[in-house]
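Below are two complexes that have chain A in common, paired first with chain B and then with chain C.
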Partner chain A sequence: MSDIAISTPQAQMTRTRSAVGSLRIVQTACILVIALVIVSPLFMLLIASLKDDRFQILADMGSFRAFWVSDPTLANFAEVGNFSGELAFGRYLLNSLIILALTVGSGLIVNSMAGFVLAWGSVRGRALILSLVIALYVIPQESIIMPLVIMVSRAGMTDTFAVQIVPWIASPLYIFLFYQFFAQLPKELFEAAQIDGASIFRIYRSIFLPLSLPALATVSILMGIESWNQYLWPILVTQTDYARPIAVAIATFFGQDSIYWDRAMAASVLMMLPILALYLAFQRWFVSSFVGSAVKG
Partner chain B sequence: MTLQQSAEPAVAARPAWRRDKSRLFQEMGMLAPAVALLTIFLIVPFLLSFWTAMTNQPLVPRPTPVRFVGFGNFLRILKDDLFWTSLWNVSRFTFWILPVQCGLAFATALLLHQKMPFQNLFRGLFFLPAITSMVVVCVIWGTLFQYPTGPFNQVIGFLSGGTIEPIDWLGDPNWAMFSIVLLSAWQAYGFQMIVYLAGLQSIPDELYDAARIDGANALQRFWHVTMPGLRPTHVFVLVITTIQAFKLYTQVAILTQGGPKSSTETVVHYMVRSGFEEQKLGYASAVSVILFLIVLVIALLQRQLLRRFDV
Partner chain C sequence: MASVTIEQVRKQYGAVPVIHDVSIDIEDGEFVTLVGPSGCGKSTLLRMLAGLEDISGGQIRIGGRVVNDIAPKERDIAMVFQSYALYPHMTVAENMGFALKLKGQDKAAIQSRVKEAADILALEPLLDRLPRQLSGGQRQRVAMGRAIVRHPQVFLFDEPLSNLDAKLRVTMRAEIKDLHQRLKTTTVYVTHDQIEAMTMADRIVVMRGGVVEQIGRPLDLYDRPINTFVATFIGSPAMNLFNGSIVDGRFVTDDGKALPLPPGYSGGAARTYGIRPEHLAIAESGIPATVGVVEPTGAETHLVVKLGAVDTTLVIRDRVDVRPGQSVAIAPDLAKIHLFSSQGSRLN
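This part shows the complex of A and B:
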């Protein structure tokens, strides 16, 4: 890492420097190659969505023309961006946004409150609830989905927004992440507020929550991605356009005899934009060490 | 905040027991939403799945009452060749995805951990596939995999001078699962990369300095400082990737529907099909119980491994 930081004899230092220099070239080359592999499919998607002819899109793909569009057009977006009819991707996008906003919004409140009480509260049974939350983390969504479908259809919740939001608000993982974040904040902070006579909710609301921007950002990104990409659950509980999310709508392209790649690409770009905006907005606080702290949990 | 502060001395003057009681109520109120939601939407369906697994519960309610069938569903699953095929397929998938995905994640993390210009930009770029929805990934890779004239086949044809026949990536039983591996690794390695970066950050610089003073070269430092320091991270990443691999579903459901010739049939796809196409919800619940047991065993294995390394 910091080779130059240590004071070493001059000769040794220059040797280290040139070694570091050549290593850096190899490193940069590797990074550029990986970046090409990682980013070029996404770049291709963007370029292809600007081409009108779906046969030309496929023909261009094997060559450098996949990365170039001579006469960009937004026709594909106009075609799929409707709010009603067969290609109502505007509506599906809106549905997904509503689901995302409400899931993440209520998820942040519910999970952070629980995590805070588990870290600083004094109610009996906290330790038990905490170990239960950690144990529940093992249960995969896929293995509760069958009975859950019966439950929500008995409750008449099929084909609603609520059925895609409410079950996924509380999550053991996010409760635990908030618990961990709050628990590592200094004790003096809590005690000072307590001496001032602040209630536990006010300590949470006015002191700890404003300090937890990294945790809020991380959970927003993780929860946002999770909600945005839900696929299995919505295909089981939505039948009509009413609350259908965009992921399910895009997948229907694959059921057709010949895939309209131009439309599929435009719809895909539409689907990428909001989550990209969310990521860019919160990336600054998306602290990797925070995610890593869950490793030892 | 400032407005309400005038009321606080009065609160402080109350008898201690009353403050404590209202505080406990407040704490319970703050826990209640999470506890209620987890109970209704996680614990109850989880417990129900064990019960449903032992019945002949259909998807659509029928006039005949639901019958208790004991372990009948489990026995039928264990006798179904397709179930064993799906288990074999996710094992194959795991075998391939572990080196490809975790290797890529580890390599990019090592590269990005060094100080360099545009570090944050690259970190952001490398995470892009992880925020890309699997459905979108399927659209992109679906075009890349086109047979016989898709981009991959054109590049292979160009590089080999036309000597290698075009590959039917998703339509050839020998290739289909491997193709799924490629796109899955591309999509999901970003999270593992972040975890590895965190692991690398957690190794104290003093260890590297000490090793350097002892005359260790870069390779020795990597082998005797970095690798031991990353042991818990390796365990975590491998376990998480394995668990994800056993839950493989979306990309298979969209691109191959388990085909061709059941070569990409997975446990979750098998479960969804028996539950919703064949409408046997009890049977599907039994599959979900088996899936849970598999995940549980892997998670317990992780505990054991981590405990061993901590000693």
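This part shows the complex of A and C:
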């Protein structure tokens, strides 16, 4: 007698389950590899910031020793955390925080107001203005940077905080983001507020702005990262330590004669923390919105 | 409270007219419903009354004051929207008190007015909740509370019950009617549901294609519709209509069925014969018909019978023992016959 393989529904189900299981293992492995590739430089940065020998840091790079510290120390952080002197990184960090807070704070107000007016105000030529806003977005920042430098120099604004904040407050991208968010809110909310007696500014402030937390969070994070990572602009408009941000200051570790890897790593970790905190504070609003409860049952 | 006068009002979007010279007089304290099929212009007219749409021509007066160019907030009106339009980030109390806060009233006055409105609508236990924590019916009541807290001259309702289920709609219908009887505030109520219009209104305005077809008390519209559109739009099930002409003192339908005319009717121009379902009865002698569908509802029985080629509906108050396919004889109540001209206008 020959063996006959009989395929029962149960056997088929078992085979399907095992195929799905194998696929999951492959998927998980791929995700782990990608996560490792992304996280490993950050981990290496953190480990290196805890080593006090800059030559050892350089020697460890390229091997697994870059991911291990046998004798961790916070000396690098203490060295770069000063508010005066040659390594006044505390000051640079504070400068960056001031620039970030004022840019994001005023950016949220200006861009959200512009987006709201475009979405709900009585604006003649709304379509044309929106087209211009989108057209402005595609112009790279670098292409307008030299005329901007000339303008701010003539205005006597160089080496100030204002020069690092004012030009970047209004942004076509964020105006458009707010416009899109506000435009999708129900028209009845606007009309109900009108009948209740609210002016357009009051409708913006009391009704639409509190409902736009997801848009505010998104713009805060994007604007915060943009402001925090500014490098070319501060180099061109700052000459002294007075308003110099940390991104520019870190570059001073990479001198022609020597590179201070230990201090650079500690400063980089310090630089990473505020923007990470900003992201963690706002990320939960990225996808959540409770506007749906406003209308219908 | 105030009267509302809509005089020769027109509305057009670009070159497209949507409201054609509409005139309606609404008395102080009256409850008027604007009813009509989708796209008839009833909501547009209400929004023009609220100041949310510009007026292309004519005049709107509230309490004798022309409000054509007056902003919504200055019109002393309150509106309840189909979608409720509650502010999602504010509690029920904040939603209700928002208009008063904008008027600059002090906290104590706002609290007292909100409490008064909450008492009327049984909303007190819900005052600290957010709209998302409420059911559809509760949200609807909050929307009404937001309107009544302002003590406006006119209430405007834009299909406020259309998002509710059938049972809740009946309850809310009664609540709104009760509220109007208590407050006596002039109310303009838009609906596409003729039952809502019939049960709630002091007067009904029937609209079609941006034109007022008929204005009148609910039962007047029901008993004496001015044309075939109103005749079929008001009443459920709808009035039965037969096309034909008068021959030898009887109305002969296009497929040859002879229907009796009202006693003493001598006109000859009738081209449409109308009879409401409850004014047809099964009789021992009458017009022969064949039973198509039998729908017992408990209180009454709906029958659809074939009268010639026309599906004809009867509403019988008692229970009847008939089966589909069975032949019956039906007879109209002669005093309740409606006759219309070839243009659809009422003749008798």
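Annotations
Heads up, the rule we're going with is that the second predicted complex is superposed on the first by the 264 of 297 C-alpha atoms of A that agree within 3 Å, B and C clash if a C-alpha of one lies under 4 Å from a C-alpha of the other, contacts with A are read in each partner's own complex, and residues count from 1 in each chain.
The rule we apply is simple: contacts are C-beta pairs under 8 Å (C-beta built on N, C-alpha and C of every residue); 3 or more make two chains touch, one makes a residue touch a chain.
Please read these numbers as outputs of a predicted model, since none were measured by experiment.
Which of chain B and chain C touches more residues of chain A is settled by the count: it is B.
In the overlay built on the shared chain, the residue A:169 is in contact with chain B alone; chain C does not reach it.
In the superposition on chain A, no contact is made by A:88 with either chain B or chain C. In the superposition on chain A, A:191 makes contact with chain C only, while chain B stays out of contact range.
When the two complexes are overlaid on their common chain A, residue A:140 makes contact with chain B while staying clear of chain C. The interface of chain A with chain B overlaps its interface with chain C at residues 196-198, 202, 206, 290-293, 295-296.
Those residues of chain C lying in contact with chain A across their complex are 50-52, 71-73, 77-79, 81-89, 98-99, 102-103, 130-132, 135-137, 139-140, 146, 163-164. Note for the complex: chain B touches chain A at residues 1, 8-9, 11-12, 20, 22-24, 26-31, 33-35, 37-38, 41-46, 48-49, 52, 57, 59, 104, 107-108, 111-112, 114-116, 122, 124-136, 138-144, 146, 149-151, 153-155, 158, 186, 191, 194-195, 197-199, 201-202, 205, 208-209, 212-213, 218, 232-233, 236, 243, 247, 249-250, 253-255, 268, 271-272, 275-276, 281, 284-285, 288-289, 291-292, 295-296, 299, 306. Listed in rising order, the residues of chain A touching chain C in the complex are 186, 188-189, 191-198, 202, 206-207, 210-211, 290-297. Within the complex formed with chain B, the residues of chain A that make contact are 1-3, 6, 23-24, 27-28, 30-31, 34-35, 37-39, 41-42, 44-45, 48, 57-59, 61-63, 66, 109-111, 113-114, 116-118, 121-123, 129, 133, 136, 138-140, 142-151, 166-170, 172, 175, 196-202, 204, 206, 221, 225, 228-229, 231-232, 236, 247-248, 250-251, 253-254, 259, 261, 264-265, 268, 271-272, 275-276, 279-280, 283, 288-293, 295-296.
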